[in-house]
Each structure stands twice: as C-alpha cells, then as structure tokens.
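See structure below.
Chain IDs A, B, C, D and E follow the sequence of writing; residue 1 opens each chain.
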Amino acid sequence: MKKIAKDKLSLLWKKIAENYQLFLPITEGKVVNFSIWEEGAEVDLNTLRTVNSPKNIIFPQTETYLKFKKEGKKLNLEVVANKGEYVVFGVRSCDVASFKLLDNVFLDEPIDKFYEESRKKGLIISQACLNPQETCFCNSFGINPELAPEGADISTWELGDLLFWEAQSEKGKNLTEALGDILEEVIEDEQEKLNQLKTGIKDRLKDLPLAQINPETIGGDLKEIFDSEIWDELHRRCLGCGMCTYVCPTCHCYDVKDYDGNKGGERFRCWDSCMFSDFTMMAHGNPRTTQKERVRQRFMHKLVYYTNNYKSYACVGCGRCTEKCPVSLDIVKVIKKLGGERNEL
Amino acid sequence: MSVVASSTSVKNVEEFEPLIVAFCCNWCSYAGADLAGTSRLNYPANIKIIRVPCSCRVNSNFVLRAFQRGADGVIVAGCHPGDCHYMTGNYYTRRRFSLLKNLLEYVGIEEARFKVDWISASEGNKFAYVMNDVLEKVHKLGPNRKLRDSRWKR
Amino acid sequence: MSCNCHDDPLVPVIAVVDRIREDTADIKTFQVKKPKEGLPFTFKPGQCAMLSVPPVGEAIFSITSSPTQQNFLEFSIKNVGKVTDCLHQVEEGTEIGIRGPYGNNFPVEEFKGKDLLFIGGGIGLAPLRSVINYTLDNRNDYGKIDIVYGARSPKDFVHSNDLYHNWVQAEGTDVHLTIDKEFEDWKGNVGFVPQYIEELNFSCDKVALVCGPPIMIKFVLEVLEKLGFDQKQIYTTLELKMKCGIGKCGRCNIGDKYVCKDGPVFRCDELGKLPDEY
Amino acid sequence: MEKIREEIKEKARQALASKEVDVILAWEKGELWYDSYPAFFTKEKDIDSLVWDSFCVNNLSKYLLEYTMTDKKIGVFVKGCDALAFNQLVQDNRVSRDKVVLYGLPCSGMVDPDKVRTKNLNQGLTEIKKSKDKLIFITKDKEITVPAHEVYYDKCLHCRYPNPVTYDQLVGETVAAEGVLDDSVRFSGVKELEELSCEERFEYWDGQFSKCIRCFACRNVCPACSCKQCTFDDSDLEVLGKAREDSEDKFFHLIRAYHVAGRCIDCGECSRVCPQDISLEKLNRKLIKDINELYGEYQAGLDPSAKAPLGTYKLEDADSFTVGEKGGKKREKNSKR
Amino acid sequence: MQRVGVFICWCGTNISNTVNIDEVMTAVENMPGVAYSKDYQYMCSEIGQNLVKDTIKEHNLNRIVVASCSPRMHESTFRKAAEAAGLNPYLLEIANIREHCSWVHKDKEAATQKAISLTRAAVAKAILNDELIPGEVGVERRALVIGGGIAGIQTALDIADAGYEVDLVEKTPSIGGKMAQLDKTFPTLDCSACILTPKMVDASMSSKINLYTYSEVEEVSGFVGNFEVAIRQKARSVDMEKCTGCGICLAKCPIKTALSEFEEGLSNRPAIYTPFPQAVPNVPVIDRETCMKFRTGRCGVCEKVCPTKAVDYDQKDQILNKKYGAIIVTTGYDLIDLDYFGEYQYMDHPDVITGLEFERLVNAAGPTGGKLIRPSDKKKPKKVVFIQCVGSRDKSDRGKSYCSKICCMYTAKHAMLLKDKYPDSEAYVFYIDVRTAGKGFEEFQRRAVENYGVNYIKGMVGKIFPTNNKLQVNGVDSLSGEILQIDADMVVLAAATKAKPEADDVARMLSISTDSDSFFSEAHPKLRPVETHCAGIYLAGACQGPKDIPETVAQASAAAVKAIGVLSKSKLVNNPCVSEVDKSICSGCLACADMCPYEAISEKIVEEKANGKIVGRRVAEVNETLCQGCGGCTVTCRPGAIDLKGFSNKQILAEVDAICR
C-alpha cells in the first residue's frame, strides 16, 4: 500500500496526465462532474456523488463509430476508433460496481468491441466514501464503499491529510510503478488507522435512512410483478423526462443514428431513454403507449429482467435518482412498493 | 511582427467566402430580388435566396438550421409592415424575429449575422443594398463557428 | 494498442443491391450480395439482418431467401418508414451496408419428418419463405407441406412467382390462397386467413409456422387451438423496434427476452410466459 | 403550515366524499425529509398520507393534461405559481376550466434541500417547523432556527404571486409577497449578461448549454410545454438531432425558450429540475424582459383570456431590427382589426 | 421512387454568359434523385417546353426542376408543360438562376457555383413535392369599383355592358371626378363635360350599375371571387328616392359662404348643395359642418321649402355589407400641396393659381361664367406666366421625383385658351423639358408656339414678387442665360400630381401594395399593368401613376376585362398550397386559428379511443377554400402539427441543407 499527501495531489494529476487522459470530479458552477483534468481545474474529491455518473466516460453519451460517404452508387465506410488511454480518478464503489453491470451487457456475446476497447484503455481509480449520504443505499446491493471495490485498478482512501493508494490489478500496479517517487510506502501505524476508518464507515452505513432497502423482498415471478397493481398508481407522477436514465450509472439503452453531413456523414450511437414516449415507436405502432408501461419497463428491467439474464440487479444504490428525480419517482419507492410490507423502514 | 500578423489576417479574410441564406417572401422581397436582377444591380453570389410565401412562414427553426449548416449570416426579408400580401403576416414576423434576434444576440451571436428587413417589390435597390451591407458586415465578422454543427464542414 | 473495432457487430460490411423486384405497390424484394464473395454471411431460416442506407439509417429485416441459396440474400421490404422508403428509392447496383445474421431461427432440424403448416399474411410471408424454400430444397426431410397465405387482394401478394408456380409445382405441397375482399377475376377463396384455416380444417399433427400482422396472428392462434394444436406445435416470429440487433440497445425486449437476440422466432408456449407487451 | 395541512386534508376528504371531484391532486411524503411529491387521491381513506409542507414544490397543474380525455372532475391544489401555470394551460386551450376545482394555497416559499444540505441542517433531521418567516430545524437533541429566505429556493425569493391568482376555494390566509418585487431585481441576471461583450456572452452560454445532457426535464416539467407531441420528438422532421453536439444543444435550448416565449410564467421549475444547473431562467427572463419592453408589460398566466404576445400584434409595434425607422416606412394610422 | 428531371435554360446568353452551363450540368448529374438532365437555349420557347414534355414521358420523370428565370416569370409556363405531359403541375420547381444569379453577379465562377447550389436546393425541394389538387370555389358575379372618376365610370360601364352587376362607390356626392372639373381636353380641345356627362348619365341609367355616392369602402375581407366588403353610405340628409333635384333648397339655404370644392374654392356654395349642376345623382347633400340646422339647431329652411319632403336631418350613416367577385380600384389623384413653394406666392397671392383653378376660371359653367379674370380684382389678365414642373421631377422633399405627365399638355392648352379668349394677351411658359409623347401631342404644342405665339422659356422661375398689382416673375432663360423679369397679371402653376392621401390606407385595407410614392403597385410593370398582387383586385387610372384621360380610359377598359374574366367563371380554382393539420399531433390549442387572417382555421372535435372509450378531442381544421397559403399558422404551431403544402417544413429545411451543402 502506498500513500500521498493530499497537498501533493496536483503533482500526481500532472504526472498521470502526461500519459493518459485524466478524468477527475471537477466543479463547474454548482455541479461536480467527471471531466478531463487540466492545470487549474477545480478538483472536488469531497462531493460524494457527481451529477453524471462516470458511465459517460466508458460509454459516452454520443459516440461516432462509423463514417460514410456516398458517391453515386458507391458507398464507403470507415470505422472510427476514437479512444486513447485514460484514467478515471475518484470513482466511488457504487460507480465502480456499475461498470461490471455494463460489462455484463456489452461484453456478452456478441461483444461490443467499441465498449471493450474503451474498457481496455481505461484505468479506474476508486475512492472510498468517508461519509455516505442519506440518499445512499449501495449496501442494499452488496456494495461496501469502505473496501476496495472489485473492478477498480487502484483503490484509494482519504485519511486526514493523506490519501492511501493500493493497486488492485496488473494495470494498477504498472501505473503505481510508473508514478515512482510521487507515492510513498505506508507505515504500519497508518495501516491500522485505515482499518479503523473502514470500520467507521461500515458503522455509519447502518444508520443511513435507506439502509434497510432490500431488493430481495421483491417476490413473485416475472409476470406477476409485471401485472402488479402498483404500476397503475406509481407512474402517475412521472414527467416522462429521461433524467433518471441519464444520471443512472447502469442504464445503458442506446439509439443508433446517422448524421448527414456535407462532406460525408457519420453514424453514432447515443444514449436513449425508455422513459421517452418515442423510445419504442415504430412505423406501425408502439408497444408502450403510456407512461405506465414505460415506467414499468425501466424498473422491471433493473429489478427483474436484468436479474434474470445476468444474475444481478441493475442498480448499485448510488442514490442519483433518489436525489435528482424532480418528482421523487426513484427506485427506492419501487422496491418498497414491490417488496410490500417486508420493506417498511 | 505586427506587419506579418496583419497581412496574414488580411489573407484569411480574403479566403473567407461567407455563405448567407436569405428567406424572401414571394410577394415583396423575392420580387424585389427579381427587380434587382432585372435592373442588373450587383450583389455578391454568396447570398442565396429561399422563396417563402410570406415572411411569417419563416420558422425560427429554419434560421437556426441555416446557422447549424454553416451559414455565416441569415436574412429574413418581407413586405413592409402594412403591405403584407396576406394582410397581417409580417406583423407577426416583426414580433417573432424581434425576439429571436435579441435572443441570438443575448447568447453571444454577433448582431450582424441575423438580419430582418422589409423590402418591397419595387425596392430592387434596397434589396441589393441590404445584401451588400449584410455581406460586408458578416465578412468582417468571419466564419460562423458559434452555431455551426461541428460535423458540418466548411 | 491496436483496435479490433472494425469487427464490432455494429459495423456493417458493404453489400450491393443486385436485383430489385417490385412485388406489390409498396413491397419490393431486394437481392443483396457482397461485391466479390457473394453471400455476405451464412445464416439459418428465420434469422434477420440489418440493412444500412446511409445517411438515413439502419433497419432490421428478416431474410426471405433460403440458406440453400448460396449466392445472395433476399429481403422483401414494405415501404413503411424512413429507411424502407430510402431502400425503395435505391436502384440496382447501389451499395448498401449489411450486418448480421441476427436472432434465432426456426428449428428446422426439429421439424424433420413432420408435416408443416405455414400460415402467412401480407408481408409476413417474408420470413416464412426462407423456411419454405429450405424445406423444399431438403424435400425428403419433411412431410406434407401446406401453405396458407392471405392478403388484401391478389395485387398485394408477395412472391407471386412462388405462390403461383414454384410452390404449387413442388412435390407434396399445397398452396391455399385467400384475399380479404372480392376482387375482379379472382376465383380463389375470399375471407380472412383465420377463417380460411378453420374452413380448411387442418389436422393437428403438424407444426404450424405463423407470421403476419399481429391481429391475424392473434386470431390464427385461437383457430389453431380450436383445431387441437398444442402451443408447442406453433411457432411465430415477432417484430418490435430493434436498433442494435445484438440484444444491447434495450428496446426490443418482451420481458427479459430480446426479440433481436432471443427471437424473433418464438414457440407459442414460450411466448405465453412473457408479458403481453408486443 | 401544520394547521393548514389539516384543513387541506379535510377539504380533500369532503371533496371526495361529496363527489365534488373524482380525484384530488396533492402531495405525499416519501422516506426522506425533503421528499414531498405529487400524489393522486381517489379514495377518502388515502387522504391521511396527504402532506403540505415546505417541500411541496411540485406544480400539479400540468398533470391535468392527463385528464383531458376523460370526463373526470379533478380537484387540484395550487400555489401562486401553480395557479399561473393553470391559467396558462387554460389559455393554451389544453385544460378546460370547468372540469377542475382549484383549491388555492397561499405560499410564502418552498425550501431548497440543497441549501439545507449546504448549511448541514439535514444531519439527524427529524422535523421542520415553520414559524412566520423562520424555519426551525429539529433534530433529536437540538433545534436550529433559520430565516426562511436563507433556505428557500432562489425562484421563491422574488415571487410576485405568492397567492393564487385564480381558485375556487382558498385554504388558509393570503400571505404578503416577500423579497423584492422590483423587476430590476428579477431581471438583474439578464441585465448583467446583456452588459457583457458578445464574446463573453457566448462564452457564458456555451458553457451553460454544453452541460446539457438532454434529459428534457426542463421541458417536461414546464407548464407552458403542453404540446401533445413536442417538435423535438418529431422523428419525421428531426429538427433536433439526438447527438450531444454543441450546436444541437444550443438549438434545443434556444428553441425551447423561444417556444415558451410569452407563455412562460416564470415559475423557475425548469431551472430547479435541471440536474446540471443550467441557468434556464436567464433565458426565459430575457424573453420576458424583451416582451415587456417591446410590447408592454405582460405576465403569462394572469389572464387566461389574454392574447399571448406572439399570437397578436399592434400596427405600431416596435421591432429590434430596423434602425431608426420604427415600424417600417409608412405611418400607421387606423387599425384594421 | 422519385426521378427528377433537371432542365437548365441558357436564356440565350442571359444566363449562359455568366453561368457555366456545362459545369452546372455536371454537378446536377451527381445530385441525389436526378434521373435526367438537359440544357437548352430557351427552355420557355415552344421547342424548350416540348423538350420538357417529351423528356418527362421518355424518361419516366416524376419531379421536374427548371433552372431558368424567376418563378414569378415562368413557373406557370412550365407547370402547364408538366401538366401536358401528365404530371401534376405542383411536382415542378424552379431554380431562379437568372434574376437571382446571372443578372446580379459578374464573377462567372461564383455565379456558376451559386447556380449549382440553387439548383441543388430546387432538386432537394422537388423530391419532397407532393401532388397537389386545387380546390374549387364559387364566384360572386358582381364587381365593386372604388372611385367614380372617369376611370371608375368607364370600368363600371364596360363591366355592366358585359352583363354583370357593378357597384360604383364614390366618396363625394357626385361621380365625375377630376375630369368633370376640366374645361377642355387636350389635344382635341373638345369640351370635357360634353364627353363626360353622357357617360355619367349612362352609368346612372344602367340597370346593372348601382351608384353609391357619398360613400366609402370601410372594410374588405375574403379573396378573389368572394370578397366581403363593408360600404359606409354617409348620411346625405336628403332622401335619394324623394328628391327630384329641383334645386329650391339650394337657392333658399341661408348659408352661402362655404367654399365650393368643385370650384377649387374659387366660389362659394350653400350648406345644402350639389357639387355642380350636372352632378350625378342630382341630389343635394347637406354639409353638416356648415349647416345652421346642424350647428345651432335652428333654421330648417330646406326642409320647409322642399316640395317632396326629401330633406331628412335624422338620416344616419348606413353600413352595407356586400359580396363581390372582383374589385377595381380607381381612386384617382390629387395635386400636391403648394405650402412649401413659397417663392411662387401661391398661398399669399390670389392671382397665383393652379392649373386646375385655371380650368374652372375659363369654364363657362365656372365661378366667373367663363370670363377669364383675375381673382383679385376681376380684371382681364394681359400677361400670364405658366410655370411647369411645380413639384414634378423635383427630388427635394417638397416635390415628387416623377414626371406628372399631363402638365406639359395642359399648360399648352391653357395658353391656347388664354389666347383664344384674349388674343392680345401674352403667355409665357417656363419649362424644364416639354414632353409631348402622345398621339397629336407634339402638333398640339407646336400649334401653341407657332399659331398662338406662346412664349416658351426653358428655365425655372426663381421667385415671384407681388408689386403694384402685378406679379413680378423672376426667371432665367437657361438657353440664353438671360435673366428675365416679367410683370405678369396672373401666374398659373402646373402643380405636380400625387397619390391620394388615403391611398396607403386603402392599400392596407385591400392587402395590395403601394410604391414609395403611394401609388398602387401593379403586379408587373409591363405584363400585368392593371392587376395587383392580390388576385381579383385591379387598378385603373391615376391611382396607379400619373396619366392622361385616354390612358386612363384604356386602363379602365383593361381592368374591366380582367374583372370580367373572373366574373365570367362559375368556379375558381384555389391555390392548392394551403395549410393542413396533422390531427394526430395537433394539441388543439388553436393558436393557429387566432392568427389566421382569413379565419380559415376552426375547431373540430375528432373521436379517439382513450382508456377504452371513444372520446372527443379538440383539434384544428383548415378550410382550404379560405386558406390563402401564407403559412403564418405553421410557425405559430410549436409542434409543427400544421404545415403548408408546397412550402412544408421538410421542404424548406431540405432547401436550407442543400443550399449550405
């Protein structure tokens, strides 16, 4: 395990940025988001949760992957490979876990090579959550924000003026080595303090208001849950915006579109939202005509369909929807409704 | 140094051939443009006219789309207020584009890039004058980078 | 680091529209092949492919030719939206993009030795034709073949050459045609497909393959049930909004199944387990 | 507020019991202190969970659109801003006045949870009480009193219509408008920007617009955005592309603001719900300000029978583009209309 | 499948000199959708049109683009050609590469590139063109003529002669207009009244013509074939039916001091009056502002003396609402105000008069009974100076930049009339140029000079000084450079003509346009001289620009023919480029209906399934016969549910994209 004094972090950023695109939580006005670090950027390691999840780094909101040109009857296609190597620093355990959930989909056969490429070129540095918030419920999905999350190449913990640093993967080790002297070895005393820190975090989790949310309380088979009466009422307040899906670290529905430019065109994929009325619109109809069906789809996907296909819930309890949904139609409420009385707090 | 800098900038300006899209109402401004033609007046070829029945047919979407597609300036021209072939159309045009013009300026689009004017069928001279005037001003401003789609090449 | 993104399933390869046949006023059949190699990929009956017509976009279509046809793929396409409209504007010799094959297929191996009943309506004949031609090309492997096909009028029949000649002439094969409404010079049956099936009173020892408009499928299933068919004997193919074709973009699901990946062919008993959202 | 809450519940119960209405639109409480959200009551017994507190920020008027195709009679609770929204929907012919029973709720402001969190008042919070213009944050072991305006939403600080401008029944007593109602304050943000150079303005707005993730929350929450199908969702015309691209982002925001020009009630909901904190109100207020200056003071939602500024004209209207020749070449005399 | 044929016209050298046709042809071939392209010297010629027709058939084309002159010129020509080849005419688009390109640009390369881009836009639009079928609408077979001068009278007579009803609306109490005020007409010197009066009588006697004198048109709506017009019949205070025109009331009226409008203020008239003895109708009107009865409540003499009890002080203005198939505007002209021409002393000296005043002074029925005398002292003038171009061809603000056209001739006429009356008198004419273009004009003017000895002086008058009973005219003979001083007894000013002051209001009411001098604009200066841009509204006479009587009468007959062209049809076809509503998108906000100037949009309830029940939903609906196709509604409609056929959102965006490509 290594460490670095927090006031030397900018040296660290600089060093990493020499060879990688470095993404950090950066403040812009009132919001903190992962953005490319440049000298002078306002890095914010304290804000627990960025507005956008780091999903948009590994799975960009808009990604051009093909360029085309038509000349008479001829068609030319050219694949766009557009990623360099990058490092994301400060990813919380929930968000790290979300990457695995995206991997399940995109790295399943047939493998999405663009995503695979993006994952290969990325190095994830996690940051433990010292002070989980009232909207957090990662624990409910088996995530332990005090530990080094599975999927992180390097994990870090803040302790006082120090940042602890532990490589978790081969990639992580290589970077750690390359950083050389910037990082120092941790001494035993500090190791002990770190253990205490972890226990402290764990204790705090238990007191969070949403700690008892438990998706396992959802009973019944797919069709029973699908036909449940709760959807009749639950959807009513939904505004039909796509905020939940866009800030969600695990939502991954996308659309494929062509742009017709003047000097050839390009094909891109971009995030889409099952909350939008035209998501499943076809020339001859729409299987989900009301917001009820769309709201149901989203939560069924997260809590049932995905689970059936990948043996895991498509939620990491990050709390973004809990905090951001303008009408509080968040997954906690759905789990509670579906789980019935067993889920009362 | 300064001499070199200015000479290159002049060169750049010379290379810049602005594209200006003009929406002209059929009854006045388009006819005014015809008259400018019949009178063999001169204005630069950078201005390209789209015929619409009335200036009130011009949607803000069209204006923004032209900018997105790399137009360096956009003109909406209609009959003088009071002279609308459709009686009242250009009164709406006046309100609609007064607001849009201000809004564009407000978000940092240079004032001269969007021009609304009243040009009657008999004002071939004014047509040519307005076109030359807009072009000259846009030319000074240089290419529209602010609203152009990055995928639309110059 | 090198990138193998050009192998991405989303990336199409160039294919050329070799021949175009106008089946009806709004349906055309396109022969598509790779400029050099011919067949763009191998596939099984019932599978789909994604056709690209930049800059308009992509859409997924079932392959209507049989895998036994080694030189090209065929697609019968109805002009209903942007992409299909663009395809209908295409001329012979035009290059388009193609990727696939996608989805599952009709279990033609399992059908071996069985009598087959094909039930199609309108453009719904397109996916069935692939299986029909496949079974006819492997005639000895299969029992009696009945083809029931209906459309609004004889002018709306797709693949009329097959309907009137090839299939009629095939051994052990009966073609039963019907149209919705009386039509000049039409001597065949008049009436909707489900009623016609009931009239034809097929024995229930067959495998039924159904494809057509949703409303037709619904009533055909009722009739088949009446005739004594078990749900496990009935197969259908579905169409929902599909974008990626590889089960990831998240819009063609019915419950936890993705039509583009787990479908489009569903056995009716499997379908019954899924939510009614298609 | 606590007292009024009971009054509201009673009103709602009675309205359902007497079949005055088929459904009541109000608010309900979730699991967290700030979590009050829209709720739809059809049964008397459910009214127990109805809530009225400092977090009932959601405007319920727009949900009336859901009921346009039914013959249900709807009771809806409206705050000052919500009532303007309601009127706007009536003006836009989207809601019929006679299908709705409006219960007016005077409102002096709603609390911004972010401001509470910033002040760290949420730690161990059990209850919030309101006492005149103060809020008392109660935890297990202490009570902290804070001037209400310190934690109210920005949009509530200069509220001009704290009392509903239309209602059938008023619950509670009217409140005085707090804060400064002077338009110079309301438009100060706009003026600051106007005074910048063109390049500075562009830089500002470019920064704002490029944050947008196109979630459409601003549009979907907006009571003036009541179209059956939004032009941005027109897949046939595709005026707005789906890519996150600077010019597309600008197109979206400019057209969104433009489409509500003269119909924006200035409720500030768009800015509130924006996850990226884009200053949408500065866009809307620019249009309001210009309309006021060019065509005379106008407050959308005040009079449902008024003509929207972009839906009418005057012969002598000023414009912003012909320099020195207001209104064109000829003198305008008598009106034809 | 769209197969676009593109036809590029050279227009002789008009286009091909500035636009490289070959380059355009090459570019066109590669445009998406283009199946065939062809260039030709004169596409509008018969050979050219046949080329279009034949190619449509030969190459199975279903969209046509003609790159040529302005669509305002030949769109209809090529539409007809397309139609003749079996194509819906609205599948054609014009790329204007002449007026908007070759004629305004000099740089060949730039013009060529622009021609390509305009053609590309036309192709992009044409691909999206739909077949449009015009609707039909009935025609109200009655015409309205606004203005009862010679133009209006002639128009009305011609239309009536063709068998259609005409309403002739005149603002003043009698028809006749300016021509009634004239003494003689040039170049024949025949008596103006003698040729006009019979026409006035004919108009009043015609069973097809209804005269509405002392009336004004107040509101016009509708469209060709179906104009709806409100006419205000001002209270005459005399019952038209009862009055026999005996004139007793005129004689008995105690007020005698109102200035006669007809006599240009040179004499007085009573408060109850007919403008002139031959007035049609010969029914007096009470000038309520002058009348004692109306001012003070006392008097009532006319009522008492009227043998038929025709005087009716309680009469009120009446509004008549009528429908017309066509409208002809013949509102005439005025002379400019001479307030700003102080150097000529017109405002200050009674012996400085206008030409029109001169007409009254020499007229036998005029204020002096035909005796030409000075207004100031009733003496015969010996020396008269005529000043031409007072305000005409004058670029300063007080004048008019145009030539008033009639002054040269009437000045010659006046000088001759003077000489006829007083052979010993002297006439001097100051002129800039003498313009005598017209049949017999030159001979007429030469007669003045050669036979009558009128002194023509090329030059302008600087100033006039009134001195001892004389008017000292200071001028310059610009040919000799000599400074002249003429002590004249009388000065006659040829004041410029101008449009009526209310012309702009009339134009606005009719939705027609005026030029910068407020004369009504014709649809085309050469080819459509009596039409306006508004179908069904025509122009005749000096309201369109200065002109003399024969021109006016010719134009009046022309306008009548145009109107008859409309009235003779039982149905008119509509412009099919009208709005239509996509009811599936329409929210029913009806903002479109609010802004429609033609009230063509109304509310409609469509039945739809919602929650398992059939319920009504409000949407907008366009009445295609009322819609004129301005497209304003399409912009009002935020979701784009209402669109304009022929100029759809998609088409215009396609044009934008193509132009910018």
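Going forward, a residue touches a chain if its C-beta (ideal position, glycine included) is under 8 Å from a C-beta of that chain, and two chains touch if they have at least 3 such contacts.
Bear in mind that the values here come from a model prediction, so they are computed numbers and not experimental data.
Visitor: Which chains are shared contacts of chain A and chain E?
Guide: Both chain A and chain E are touched by B, C, D, going by the contact rule given at the top.
Visitor: When I count C-beta pairs in contact, which pair ends up with more: A-B or D-E?
Guide: Counting C-beta pairs in contact for A-B and D-E gives the edge to D-E.
Visitor: Relative to chain E, which chain has the most distant C-alpha mean position?
Guide: Following the centroid criterion, the farthest chain would be A.
Visitor: Of the chains shown, whose Cα mean is nearest the mean of all protein Cα atoms?
Guide: Given all protein C-alpha atoms shown, the central chain works out to be B.
Visitor: Hey, how far is the Cα centre of chain B from the one of chain E, in Å?
Guide: 31
Visitor: How many Å are there between the centre of chain A and the centre of chain C, using C-alpha atoms for each centre?
Guide: Between these chains, centre-to-centre, one finds 39 Å.
Visitor: Taking the mean of the CA coordinates per chain, how far is chain B from chain C in Å?
Guide: Those two chain centres are 52 Å apart.
Visitor: Which residues belonging to chain D are in contact with no fewer than two other chains?
Guide: Correct list: 229, 231, 236, 239, 243, 245, 310, 329-330, 336.
Visitor: Give me the residue numbers in chain C that touch at least two other chains, ranges are fine.
Guide: Residues of chain C never touch two or more of the other chains.
Visitor: Touching two or more other chains, which residues of chain A qualify?
Guide: 255, 257, 259-262, 272, 281
Visitor: Which two-chain combinations qualify as touching?
Guide: By the stated definition, chains touch in these pairs: A-B, A-C, A-D, A-E, B-D, B-E, C-E, D-E.
Visitor: Along chain E, where are the residues that touch chain A in the complex?
Guide: 30, 657, 660-661
Visitor: Considering only the defined contacts, which chain E positions touch chain B in the complex?
Guide: 70-73, 96, 98-101, 103-107, 110-111, 113-114, 117-118, 121, 504, 507-508, 511, 513-516, 521, 533-534, 577, 595, 597-598, 628-632, 634-636, 644, 647, 649, 652-653, 655-657, 659-661
Visitor: What residues on chain B touch chain A, complex-wise?
Guide: Those residues of chain B that touch chain A are 69-70, 149, 151-153.
Visitor: Taking the complex as given, what residues does chain A use to touch chain B?
Guide: The contact residues of chain A facing chain B are 259, 261-263, 266.
Visitor: Would you mind writing out the residues of chain D in touch with chain B in their complex?
Guide: 190, 193-194, 198-206, 231, 239, 243, 245-248, 250-251, 254-255, 257-258, 261, 283, 286-287, 290-291, 294-295, 309-310, 313-315, 317-322, 327-330, 332, 336-337
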